[in-house]
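These are the structures in question, set out in turn.
Below, chain A partners chain B and then partners chain C, in two separate complexes.
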Partner chain A sequence: MASAARPARSLAAQERRFALALLAPALAVLLLTTTAPLVYLGWTSLMRLDLAMPYLSGFAGLDNYVKMGSDPRFWNSLALTGIYTASTVVLQVVIGLTLALLVLQIPRGQALLRIAAILPIVLAPVVVGLFWRTLVLAPDFGLVDLVTRSLGLGSHNWLGDPQLALISVIAIHTWQWTPFAFLVLLASLATLPPDVYEAARLDRASAWQRFVHITLPLLRPAIVMVVILRMMTALSAFAAIFAATGGGPGSATEILNLYAYRTSFTELNLGYGSSLAVVLLAITLAISFVMFRLRRAR
Partner chain B sequence: MPRTLWRRLALAAVAGVGVAVWVFPVLWGLLTSFKTERDVLAYPPVWLFKPTLDNYREVIFGASSIVPNLWSSFVLATATTLLTMLIAVPAAYALGRLRFPAKRMSGFYVLVTQMLPPVGLIIPYYLVLQKLGALDTYGGLTVIYLTFALPFAIWLMVTYFEDIPLEMEEAALLDRAGRLRTLWYVILPQVRGGIAVTTIFVFLNAWNEFMFAVVLGGNRVRPVTVAMFNFISVEQTQWAKVAAGAMLAMLPVIIIGLFAQRHIVKGLTVGAVKGGGRR
Partner chain C sequence: MKGSVRLEGVVKRHGATTVLHGVDLDIEPGEFFVLLGPSGSGKTTTLRILAGLEEVSGGRVLMDGADVTAQEPGERDVAMVFQSYALYPHMTVAQNIAFPLKMVGTDPAATQQAVADAAGKVGIGHLLERRPGQLSGGQQQRVALARAIVRQPRLFLLDEPLSNLDAKLRLETRLELHALQRALGATAVYVTHDQEEAMTLADRIAVFMEGRIVQVGTPREVFSRPATVEVAGFIGTPPMNLLPARWEGSRLLIGSEAIAAPSATNAPREVTVGVRPGDLRLASAGIDARIERIEDLGDTCITSFAVGGRLLKQKSDRLPQAREGDAVRLAFAPEAAHVFDRATGARL
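Let's look at the complex of A and B:
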C-alpha cells in the first residue's frame, strides 16, 4: 500500500515540475514585458518629466494627480471616454443582436453575410480611420456626402464640426466592430435548444414574449461576454480616431487614451502622460473585475 | 403564402443592407484605387471609367514606395509570431492540462495582462528603449508586441488543449513515454489546427498594429500601417494613391481573414470564454 502511494506522489511531483518548467518562460516574459514596465509607469507618474524642459525633471509626488483635478481637458476626455465606450458598445450589441435574430430566419445566404462580416474585423484600425476620412466622410466627394447631397440634405463637414466629429468616430468604431457582436451572437443563437421554443409556441407565447423570456436569458452569457470584450476594445481605441480626426477638432474626439498619448508624445510631457495612463489603467482593470463578477454571478 | 413571401423579401433586404454597409466602403476603395485623381473628384461619381494601374505603379515603384514598409511589417509580424508561439504553446499546455499549485492564479495573471491599455505600456517602453538606444529597432518593437500577442496566444491555445481527450496522454504516460515525448509526439499533433489558427491571429494582430510602431519605430523600422498614415499626412489630396496603398497593405490580412473565416469567432472571443477563472 505504501509502495503504491509513493510512485503516485512522485508522479504528481514530476507533473508539477514539468508544468512549472513549461510555464516559467511565459510567466517570466510577461513579468518582464508587462508588469515591470507598469511599475515603472507608476514611478514616472510621480515625476515631473517634460522632454521639452528636461532641466526641470525630478520627483514631484502626487502633483500630476492633483493637477488632473483642475484640468478641464482631463475631465473632457474622461466624459468622452464614457460616451464613446457606452454608445459604441450599446450600438454594437443592439445592431448585432437584431441582425443576428433576423439572419437566423434566412434559410440561405448566411455564409455570404458571415464572410462580409469578417471584412471590417481584419482591417487595421488605422487603415479604417484613413479610409473613412478620405473616401467616406470627406466633404463633397465622400460616400456619405454623396448620399446626403443626393437626398437633398446638403454637404457637411463630418470630421471638422465638433459634434459631427464625435458622432463620426463613434460610427467608424461601430462599423468596424459590430460584425464581431453579430458573429458571436449568431453563433450562440444557433446553439439555443429548439424544444424550449416549441413548448413556448404551444403555450401561445408571442414572438416578443419568446424573445424576452427565453432568448434573452439564454443569451445572457454571450451578451455579457460581448459587452466585456467590446468595452476593452473601446477603452483602448486609438488608431482609428487618431487617423480620422487626431482627437480633434480641438479636443472634440479626444478620449482619455488619446489625451494620454498626445500629452506624452506630442507635448512631450511624459510625467503627466504617465499619470493619465495610470488612471486609464485603473478604470480598465476596475471595469473588467466588475464585469467578470457579473459574469460569474449566474 | 404572399405574407411569407413578403417576409422573405424583407429579411433578404435587411441582410443585403448589412452586407452592403460592411463591404461597400472597401469595394469603393478598391474602385478608387484604379481611378485617376481626376475621376476620384468627379461629381456625380463616375462608375464607368478607364481603369488605370498608375496608382499601384506609384506606390510600388514610385518615390514613396511602400514595399520597404511591407517588408518591415512582414519581419516584425513573423518575429513576433515565432517567439510568441514558442513561448505560448508549452505554457498553454501546462495551464490547460497539468495539475500544479497556483494554476488558477497563473491563468488569471495571464488574463489580466491581456487587458492592459497599450498607452500605459508605451511610455515606459519609450523611456527604456531610448536609454538602451533601441528605439527604431526590430528587437525593441518585437518585445512590446509580445505584450499583446503572448497572453492572447496562451489563452487561445488553452482552449484547444482542453478539447483533446485526457485518455490519450494517460495511455502514452502508462507506456512510460516520458512527459516531453508525450507532449511532442502525442499531444501536439492533436492541436495542429489550433496552432495554425493561433499563428494566423498573432500574425494578423502584429501586422495591424499601429500605436507602438508609430512611437517606437522610425526611419528604419516603419511598418506599413505607419507608412499609410504618413502617406496621407503628406499627400492629403492624392486619394487614389492612398486607396491603392491601403489595398496593398490590407491584401494579406483580407486573404488570411477569408481563409480562416470559420475560426475567427473562436479567436476573437478568447479569454472571456474562460474568463474569471472558472478553473
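Let's look at the complex of A and C:
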C-alpha cells in the first residue's frame, strides 16, 4: 500500500508544480501591476514626501492620517463623496427601474432601446465630461441652457456655480450609468414568472400592491447587485468630473478621489495624497464588504 | 346559493387564429364541473376567460346572473389554483395564504385565524413558516389550495392542479380535492386532459375539441353515449375501438362480416362503428383477427388484435386462452355498438 501511495503522491505533487508553473507568469504580472503599486501606495502614505519641499522628506509614520482629522478640505471632500455616491446610486436605480418597467410594456422596439442604452456606457468618462461641458451644460448655447431659457427660467452657469456644479456632475454620472441599471433590471424583470402576477391579480392586488409586494422583493437580488457595482464606480469616479469641472469651482465638486489627485499631482504632496487614496480604498473595501454581507444575509 | 356560471357565445381569437368558436356553458352552483379535452382544445383558455386573465373577442361571461365580462380578475370573487401553483417564492407559506386577505385590508387577527383554518383544512398547518422552495410538489399544491380557499370565493378555478404530482400522490390528492369541494360546497371548474381524473371528480364534464364544446354531460353519459367519434376515441382507457363499416338495414357490414346493428336504417350509409374494449369478446364466429400482443396488468388484461391493418384492443379481467400470433374471431353484442356518421362524426 505504501509503495502504491508514494507514486500517486509524487504524481499529485508533480501536477501541482506544473499548475504553479503555468500560473506563475500571470500571477507575477498581477502582483507587479496591482499588488506592488498598492503596497508602494501604502508605504508612501507613511512618508513625508512633498516635492515642493523635498528637504523635509522622510518617514512620517501616521502623521499624514492624523493630519486629515484637522483638514477641513478632507472632510468637505468626504462629505461630497458621500453625497455624490448616494445620490447617483439612488438616481440610477430609481430611474433605471422606472425605465425598465416602462420599456417592458412596449410591445415592439425593445431591442432598439437596449442597444441605444449601451451607448453612454461605452463612452469614455472623459469624453462624457467634455461632451457635457461643451454641448450640454455650456451657458448660452448648451442644450440645458436652451431649455431653461425657453421655459423662462433664465441662463445659468451650470458648471461655474458651486451648488449647480455639484448637481451637474451628479447628472453627468447618472446619465452615463443609468443605462447599466436599466439593462440589468430590464433583464431581471423579464425573467419574473408571469403566473405569479396573474395569481396576484386574482388575489385582488392592485398594480401598486403588485409592485411593492411582488416586483420589488423578487428584484431585490438584482437591485442589491446594481447598488454594489454602481457604488464602486461612484466612489472611484474621476475622469468625468475632472473633464467637466476639474473638481471646482473651488472645491465644490472635489470628491475624495479628486482631492487625492490634486494633492498629489497639482500640489505635489505625494505623501499626503497617498494617504487620502488609502482612506478612499479603505472606505470602498468596507462598503463593498458590508454590501456583500447584506446580499448574502437573505 | 351563489356560484352559478354562464358562458354565452364566447369567442377568443389570437390574431388570425380562433381559439374558441362560440362556447356556451351553464354551470350550476356547487357543481364540480370539469373541462376535458386534448392539448390545444381551448379548455385552459376557457378557464382563463372565467378568471378574467384573458379578454374575450366575443360573447359574455355571467356569474350569478351578473355580466362580469369586462371585470378585472380581482373583482370577480374567484380563486384559481395554477398548474405551476404560482406561489409567491419570497413569502412564507403563511404569508402566501394570507396574501389575498392582506390585499383587501382584512384585520390581522382575522387573517391569522383564517390562515390557520385554511392550512388545517389541507393539512399544512406545520409548514406555515417555510418558503415554497423548501416544500415538495405535493405540499406546494396544498399551499396553492389553501390560498384559494382562505378567501371563500364563489368560484374555484383549477388548472390541471395534479399534473405535476407523481401517480400515487395524484390519486390521493384527487380524493381529497373532491372531499374538500364537497365540504366547502363551492362551485369548482377543473381543467384536465386526463379523462380518468375527469370521470372520477366531475359532477358534469364538458368535452372540448378544437375550440368547441362537443358534449356536456355526467361522466356516465359521456362514457356510455359519446356524442361524436372524437369523444368516443378520447374517453376510456384504452379508448374505444373504431372501425369503418357500412350500415344496411339492421346490419353492420365490417369488411365481409355482417353484425347485428343496434337499430335499423332506411337507406344504406357509411359509418364508423365504435366498440368499447370491455365489450369486445372472443367468439366462434365474428370478425377475423390475429392476436398481436397480450398485456397482463394483474387485475386486467389488455389484448391487441390486428384486424385488416387496424389495431383493436380488448379489456378483460381474464387472460385469453389463445396466444400471441393466434388467429381468432371477435364479436360484440349489438347494443354495445356505437354508430357514428362517417362524414360528420356525429352519433347516429
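Just so it is clear, the second predicted complex is superposed on the first by the 273 of 298 C-alpha atoms of A that agree within 3 Å, B and C clash if a C-alpha of one lies under 4 Å from a C-alpha of the other, contacts with A are read in each partner's own complex, and residues count from 1 in each chain.
Please note the rule applied: a contact is a pair of C-beta atoms (placed from the backbone, for glycine too) under 8 Å apart; a residue touches a chain by one contact, two chains touch by 3 or more.
Source: prediction; values computed, not measured.
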item	value
Chain A as common anchor, with chain B and chain C clashing or fitting	fit
Partner chain(s) touched by A:274 [first = chain B, second = chain C, both, neither]	first
Partner chain(s) touched by A:199 [first = chain B, second = chain C, both, neither]	second
First, second, both or neither for A:183, with chain B first and chain C second	first
After the two structures are overlaid on chain A, angle v-u-w for chain B, chain A, chain C in degrees (C-alpha centres, nearest 10)	90
Which partner reaches more residues of chain A (counting touched residues only), chain B or chain C	B
First (chain B), second (chain C), both or neither touched by A:126	first
Partner chain(s) touched by A:217 [first = chain B, second = chain C, both, neither]	second
First, second, both or neither for A:253, with chain B first and chain C second	neither
Which of chain B and chain C A:209 touches, first, second, both or neither	second
Smallest distance from any CA atom of chain C to any CA atom of chain B, in Å, after fitting	11
Chain B and chain C footprints on chain A, overlapping residues	none
Residues of chain A defined as touching chain B within the complex	12, 14-16, 18-20, 22-23, 25-27, 29-30, 33-35, 37-38, 40-41, 44, 99, 102-103, 105-106, 109, 112-127, 130-136, 138, 140-141, 143, 146, 150, 175, 179-180, 182-184, 187, 225, 228-229, 232, 235-236, 238-239, 242-243, 257, 260-261, 264-265, 270, 273-274, 277-278, 280-281, 284-285, 288, 292-293, 295-296
Complex contact set, residues of chain A against chain C	193, 195-196, 198-206, 209, 213-214, 217-218, 220
Partner chain A, residues of chain C touching it in the complex	51-53, 72-75, 78-80, 82, 84, 86-91, 99-100, 103-104, 147, 151
List of chain B residues in touch with chain A within their complex	8, 11-12, 14-15, 18-19, 21-26, 28-29, 32, 40-41, 43-45, 87-88, 90-91, 93-95, 98-101, 103, 106, 109-110, 112-113, 115-128, 143-144, 146-147, 150-151, 154, 179-180, 204, 207-211, 215, 225, 228-229, 232, 239, 242-243, 246, 249-250, 253-254, 256-258, 261, 264-265, 268-269, 271-273, 275-276, 278
